[in-house]
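After this come two complexes, each holding chain A, first together with chain B and then together with chain C.
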Partner chain A sequence: MNKRQKHFMKESKVERLFSALNVFLLLLLAAATLFPFLHVLAQSLSSETAVISGQVGLFPVDPQLGTYQYVMGNSQFTSSFRVSVIITVLGTLGAMVVTTFAAYTLSKPHLPGRNFFLVLFIFAMLFHGGIIPNYLLMRSLGLLDSIWVLILPALVNVFNLLIIKNFFEGTPESLEEAARIDGANTFSILFRIVLPISLPVLATISLFYAVAYWNDFFRAMIYISRPDLKPLQLYLYEIVTQTQRPLTDVPVDSAMNLTPAAVRSATIMATTFPILVVYPFLQKYFVKGIVVGSVKG
Partner chain B sequence: MKQSKKRRTFKSGVLNYWQYYVLLFPALALILLFQYVPLYGLQIAFKDFNIFVGIKESPFVGFDHFRRVFNDAYFYKVLGNTLVISFYKLVFLFPLPVILAIQLNEVKNNLLRRSVQTVVYLPHFLSWVIVSGLFVSILGSDGIVNQILSPFMDRPIRFLMDRNWFRSVLVFTEGWKGVGWSAIVYLAAITGIDPQLYEAAIVDGANKFQRIWHITLPGISPTIILLLILNIGSLLEAGFQQILVMYNPMVYSVADIIGTYVYRVGLGQMNFSYGAAVGLFNSVVAFILIITGNQLAKRLAGRSIW
Partner chain C sequence: MKRRLSLRTLLVVVLVMALSVVVHAQVVIRHMGNWDAFDPNSDIVAEAIEKVTGYQVEYSMLPVENMNEVLSLRVSNVGAYDSLKLNSQQYNMLTAQKALLPLDDLLEKYGQRILEVIKEETWEAAKVDGKIYGVPEVPPAPNVNHVILARKDILDELNLAVPETVDEFYDVLKTIRKEKNMLPLAMAQHNFALSVVTSGFGIYHAWMEVDGAITHQVEHPKMKEYVEFMAKLYEENLIDQDFPVNATQHVVEKFTSGRAAMIPFAWWQAPAVLAALEQNVPGSEWVVIPPLKDESGNRGIEVDGGILWFVGIPQGAKNVEDVVKWWNAKLELDNHKYIALGDEGVHYYEENGAYFPILPVFEDERNMANWYLTGVDQELYPTYWASRVRKNAHMSKVYDAMQELRQWGSVNPVAWAPALPTVSKYTQSLNLLTQDNLVNFIAGGDDVRNYGDFVDAWRASGGQESTVEVNNWYQSR
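Presenting the complex of A and B:
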């Protein structure tokens, strides 16, 4: 007994060392994750001379807001920001309606034709025509250079649909039956009973859709050429790829004492900002929400 | 009385089904239009597609485009790049989320664990354009990484334009963006392990490492196998959007993959039929891989994604 206790004590010392090392490594990882943000944020807030002479580390040097004033005052930036807000709001609302409706139907095991529809959706998730047939379709639909091409094709994400469907399958059937006996129809059951108890998964999937719409640049890259329809990500893409070339290419007003690096940094931060704002509010939901539905047991 | 009630429920049952189909209709129509109609357009891989004539009227040429693809040395180059980049990502990045999940699970302080989780999940929600912008900023020739390295170097490392560095940048940035988020699935799997197993092990005198090795790891191994197989199913993807925003002509020889090749040749140079042929090859192989992977996962881990 004594020997065993001693053994235990000795182990726990090693274990405590392990715990400390573990925490240290995790903090190091968190720091490495935050480092690019903090540095780029600091750059966007620092003065021209500090950026050029490479004095900026994690904190702004000679703080100023001129770079942001320049970026926000740029008419292409404001127009792109507006386009991104419109497609994100309309897209997320539309996607949630369409996806939730379909997920509810597909969560009913006895619905005639359910398996056929499920296979139809899953096959669409696994086999893609590829970008060229898609491009030809949008062209023949007259959707090139239209804001709808940035919204409509992304309204149904099958993966998101399956997560909601799996969640609905886990909700108690007895509640719905009770309401049905009371004479409620399918629509009012969905809105009054099923949706209110599914808020965590709905919040999670809304976040996924909103982020996907906000972040989408590839669709805009192939389908949009009109400057007034370019979303923010495409505008940022053009700035980032331009600065990989010699710095003189960058459209910066030299009279305003701005460096391309600082302008790029400020545009990056302004594009990231909306995500940083919604993220903490929804973060608590998605751990619960996604995991329940994502992998079929 | 009994009969009429039965009839009423049958009638209302049909009515209710009708309402279900109404709910399904919008999503169904969108999927048919945007996912299935393009499959009709795939036939241009077997035709000499002329955009002014249209899909239907373009002349049929059989497997001519596929013959050209498989005789094209550059096609094998991009296929090789695709597989190599995927392989590097798999080898270097696949184990990390498992380790991270176990590490997070060992943290007893809730606030600390939550904070680390919040931080490491975040990059998953950023677009590749933003991630590329961040890393162009810090890895550029006058970026902060080169400033730190400058005492040890003759000249700055051009991480994004150097063939020897570019793939490492791809693997690193993919890890920076995705490892935290990927750990979620394993964390959930760990939560599903019966706590009594740990209690019994503690009573038997098992230390922390033994508990991780003999309880945690076996407990999450079905999840590990499932995700490994799914990863193999996406071998041909290799990170299309990531590469598209980060690569440049100086690193095409090490970074051009099937997806970027289809994009440049098919849309950029308007070789629609040739691009569609490469794309079709890609879609078919990817489909076979994922189906095989799912069957394997069912058999080996008793789990599947659908």
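Presenting the complex of A and C:
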């Protein structure tokens, strides 16, 4: 009894303890994700000797910038960078247009056949044909070895579509009715009323799409054989994977050309940095958007 | 009249020439090779090849992983590629799928130079059911690639000679541990069958001839003894205690920081590893540990042999004749040398019949030349190739030291085998199974007395089928 009372009395203290613990754990988590990043950054700025002898921790040893010079000068890096920027920009724009249109249509309960199409979308979200049927499809569409194969198949992510749809359903119907009475048609309602008040969710989903496009390597690995169409992440993936094969599996000539460890780290940094820069600008929408979308759904 | 006629003839000739140039310019050969970290279309070697052959080529690559699956998919896209550079596993796979064109007639008509520079025995090994489906490329030299490298300064300090037998090897490790208290031998998990040490048990490579039949090293009568020996080393702390989880980078780290006295080593690691060792441990020296002698004084070490690459034409390709002409042109004496080495005095110089690279031009403009090869001159190419090893002083020195071991060189008998679909199918999974089990035995996770159970599991997982297939071929040679 006494104990409980004490406990009750000291609740504010317990609470403080709890938040202190919370902060501590979250800091630990932040450190756990930050340290590997700093480690790779330090490696990319250190000499090859320091990297392979394991002398590099969180700070560069024998600092140098030659690795970055090498990465930027690599023909494959520059062409891949261009490809990644193109697919990310075109892909995100295209995906936002298509997804928003679909979401807006599906958010109108009075449209006939709405449920049928919704089920179709969800079905496609849960089940897909697998790699080989998809490959055959892309082949028949003539999309192999073209930049569109990296953009078109990912235009609609059903999960994102549902988030936007739910957000639209949460916007007050009366706004649209008022606009309609003023003579606005469906398109002007969408562009002049609905979209402006949906900016948080649009920013969030744009970021989702942009990151997905930027980070995708798998599609390129399957559909792209022309080196000038390889996106950056595929190039990075290959650079990192090549050194993980056991030495006995690598032909002599390739083994002589293995990418040095410090250059590998520099490549990782150079591929991650551009998309990292986008985050801070969109972050305020990012958190809000998710919350709004999910709460109203 | 006469004059007009000649004028007209001239006109016709010019037209035909112009037309042929146009037609010729329209042919674009689409060549696909295996992965490497560069863009083959923008590399200067591509330009050099176009210059000397006159053919325009569009290059593409397989991915770095799942290359065989992706190759299957891409070849199913009929007409997308004209020329393929395949490793032997891929060649076996595509010939089994009947996805490659037989080349015999084409080579006879347009590939005389190719037929000339490749040896008869190589052609024989490339045949599938008596027909040639790919132009074979042998390894650039009978290289010894994998040894153990030891710190000579430490051996000298402890008055230890380079070990020649299994017992001597054990004593050396033991003394290093006792006197220097450092890690005697660092190793990674994929080093479970160290060929320098297995040689001491009469095993030189994955497949061995035992009493006229081919046996995999797993089933070799002496393999269990090797595993017992390694388990003893592990138990006595003479090899890396982290061995079950180590990757190459961890091993290199231990050696270059001076914490380990020996590592499993391939000569191409030399530029980075030996430079780091030199810097971190001034005054350090190295020595190659030769394959150990077995009880009867025999020893052996694997050297490269067999066929490394094939170039073939997929069924349904369009510019079939041009592809063979292109391959052929690349092997003409001057072209072959120019593609592989560049210009004398610019990219390389010659000294006593050997070629040396001029750096950094060679590195910038011919470093990737090997990727573009579609067949090599078996007599001349090895001399061209040697220049690549001489790009780096460390590499050149270790390479030369290791090649002295060629006197004990032994070629894996299966290297010369033609398509062995069953072996191809199971090689990877069996390797993994073997690695898991051997690591477990050596690190004491399982008692070596249970080695027989592992062999049974290995047999049941495709090992038995593979052995039968290898022996069917071997007996019918």
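We adopt the following convention: the second predicted complex is superposed on the first by the 253 of 297 C-alpha atoms of A that agree within 3 Å, B and C clash if a C-alpha of one lies under 4 Å from a C-alpha of the other, contacts with A are read in each partner's own complex, and residues count from 1 in each chain.
Here is the rule we use: contacts are C-beta pairs under 8 Å (C-beta built on N, C-alpha and C of every residue); 3 or more make two chains touch, one makes a residue touch a chain.
Quantities reported herein were computed from a predicted structural model and do not represent experimental measurements.
**Q** Classify the contacts of A:Met72 with the two partner chains as first (chain B alone), second (chain C alone), both, or neither.
**A** The answer is neither, since A:Met72 touches no partner chain.
**Q** When the two structures are overlaid on chain A, which partner does A:Asn215 contact: first (chain B), second (chain C), both, or neither?
**A** first
**Q** Have a look at where A:Ala261 lands relative to chain B and chain C in the superposition and call it first, second, both or neither.
**A** both
**Q** Is it chain B or chain C that touches the larger share of residues in chain A?
**A** Between chain B and chain C, B touches the greater number of residues in chain A.
**Q** Once the structures are superposed on A, label A:Ala102 by its partner contacts, choosing first (chain B), second (chain C), both or neither.
**A** A:Ala102: touches chain B, not chain C.
**Q** Which partner does A:Arg226 reach: the first (chain B), the second (chain C), both, or neither?
**A** After superposing on A, A:Arg226 lies in contact with chain C but is clear of chain B.
**Q** For A:Glu48, is the partner it touches chain B (first), chain C (second), both, or none of the two (neither)?
**A** Second partner only, chain C.
**Q** Taking the superposition as given, does A:Leu162 touch the first partner, chain B, the second, chain C, both, or neither?
**A** So A:Leu162 only meets chain B here.
**Q** Taking the superposition as given, does A:Ile132 touch the first partner, chain B, the second, chain C, both, or neither?
**A** both
**Q** In the overlay, answer first, second, both or neither for which of chain B and chain C A:Gln242 touches.
**A** A:Gln242 sits against chain C, while chain B stays out of touch.
**Q** If I apply the document's touch criterion, which positions on chain A are contacted by chain B in one structure and by chain C in the other?
**A** 54, 132, 135, 222, 234, 237, 239, 241, 243-244, 261
**Q** Given the complex with chain C, which residues does chain A contribute to the contact?
**A** 48-49, 52-55, 74-76, 79, 132, 135, 139, 144-145, 221-222, 225-228, 234, 237-239, 241-244, 246-248, 251-261
**Q** For the complex, which residues does chain A have touching chain B?
**A** Where chain A meets chain B, its residues are 4, 7-8, 11, 14-15, 18-19, 22-23, 25-27, 29-30, 32-37, 39-40, 43, 54, 56-57, 97-99, 101-102, 104-106, 108, 111-112, 117, 120-122, 124, 126-137, 152-153, 155-156, 158, 161-162, 180, 185-187, 190, 211, 214-218, 222, 233-234, 236-237, 239-241, 243-244, 261, 264-265, 267-268, 271-272, 275-276, 279-280, 283, 287, 290-291, 294-297.
**Q** Over in the complex, which chain C residues touch chain A? Could you list them?
**A** Spelled out, the residues of chain C in touch with chain A are 32, 35-43, 58-66, 70, 73-74, 76-77, 80, 87, 139-140, 143, 145-146, 190, 247-249, 252-253, 256-257, 266, 268-269, 272-273, 275-276, 279-280, 304, 308, 367-368, 370-371, 388-389, 395.
**Q** List the residues on chain B that touch chain A in their complex, please.
**A** Within the complex, chain B contacts chain A at residues 16-17, 19-21, 23-24, 26-28, 30-31, 34-42, 44, 51, 55, 100, 103-104, 106-108, 112, 115-123, 125-130, 132-138, 140, 142, 144, 147, 160-161, 176, 180, 184-185, 187-188, 205, 207-209, 223, 226, 241, 244-245, 248, 262-263, 266-267, 272, 275-276, 279-280, 282-283, 287, 290-291, 303-306.
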